[in-house]
């Protein structure tokens, strides 16, 4: 089944710079959770926007047909690691429709906090 | 009144693998909260997508006319129970318009954390 | 300025049945936060849907022109108080466009948890 | 790339009136996180709506081309500071498309709570 859109925006990107609890489950993180429900692989690109410099990207991902992919921004490698404790926004594009949900786990204080929203389909 | 859409996506599915506090209220869970505001029963099917294998489903639900239904993924039985601590996405289809909201309660640490979002209407 | 829609759905309604901390700020609650940005009063009606009985409503609200209104479900009075600890969904209608955001504060455990989402514009 | 809309609404505005933890990271705050992915600067205006008086605004912001801007409502200055502990709604307009996400950090109790949602594109 084909469902979703080919561009998405997460406007509140931020990886909290400290954590409480066992790694990696309770490590503070920011995630883009993606569904490719279609029958073709999704070639996905992430572009990061900052407050004081030009955007960085693409960060390429390939999501096979009929697969989920939950990507922690903490784990993105090239073109450069995502800085911890820095505000960013993320634009996500795909050659086939996908669905994106943004979730953060923040364990800076003694108990973890969570937030989540479906991203904006551009 | 008819309101909603006939397909919905939750992209960040995950049942936290531990809990703090009295069961079942404070048990960590992932939920699909559904409204069928119409005057006919809704025949709903859930399909679960994973990172490393083919989708599983349908999980069938029938929601009577003019009824709410809050479904914990923890409580889904067939075709197979939903694995705890495993990333998934969920596609929800219905023969009549419904509205779906995704909520997680995570009580792995000492106080509970909550997140919620209206799902994506496909 | 006119912005919004004339019907909205909150699918995950629930007032947590316990609280920690000073009343009324930290009392567990479920809220519908509404903006009427237009130049005419909004005549709003809330209808509550349950898992095992017919809907209850309307709960009438009038929101003056150019005003915010944050309504705790805990404080709704007639046609009947909203039961604590019971799952519900809420359909909100208005004669002029409004915007609705759903927020819950859950202070059952030692620290409060929050969740929020823009409701679904029907 | 141009993505987004030119008017947005946050319906649940509220700056919690107390905080736990080191400033400014853990200070309770309400934020509008904005992406201007386009190639022209965005001239943005915020208007605040209240329950018992006329709206206040505009609060002007300029967001350069291809930049993120995470604005704490706590830090808005003119035409008047945003009152702490007071319910409000926020209408955001822009001369070019932007994307807005609303996030609150509430650290009134011992651990922080988070909530976030993509705002409503008007």
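First chain written, first letter: the chains are A, B, C and D, and each begins at residue 1.
We take it that contacts are C-beta pairs under 8 Å (C-beta built on N, C-alpha and C of every residue); 3 or more make two chains touch, one makes a residue touch a chain.
Note that the structure is predicted; figures quoted are calculated from it, not measured.
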{"item": "Residue-number overlap at the chain A/chain D interface, same or different (half cut)", "value": "different"}
{"item": "Magnitude of the superposing rotation for chain B and chain C (Cα, nearest 5°)", "value": "90"}
{"item": "Distance from chain B to chain A - Cα centre to Cα centre, in angstrom", "value": "21"}
{"item": "Residue list for chain A, restricted to those that touch at least two other chains", "value": "110-118"}
{"item": "Residues on chain A engaged by chain B in the complex (per definition of touch)", "value": "1, 3-4, 20-21, 25-26, 31, 33-35, 37, 66-70, 99-101, 103, 105, 107, 110-118, 121"}
{"item": "Touch list for chain B against partner chain A, complex", "value": "7, 9-14, 49-52, 54-55, 87-89, 91, 102, 104, 106, 108-120, 122"}
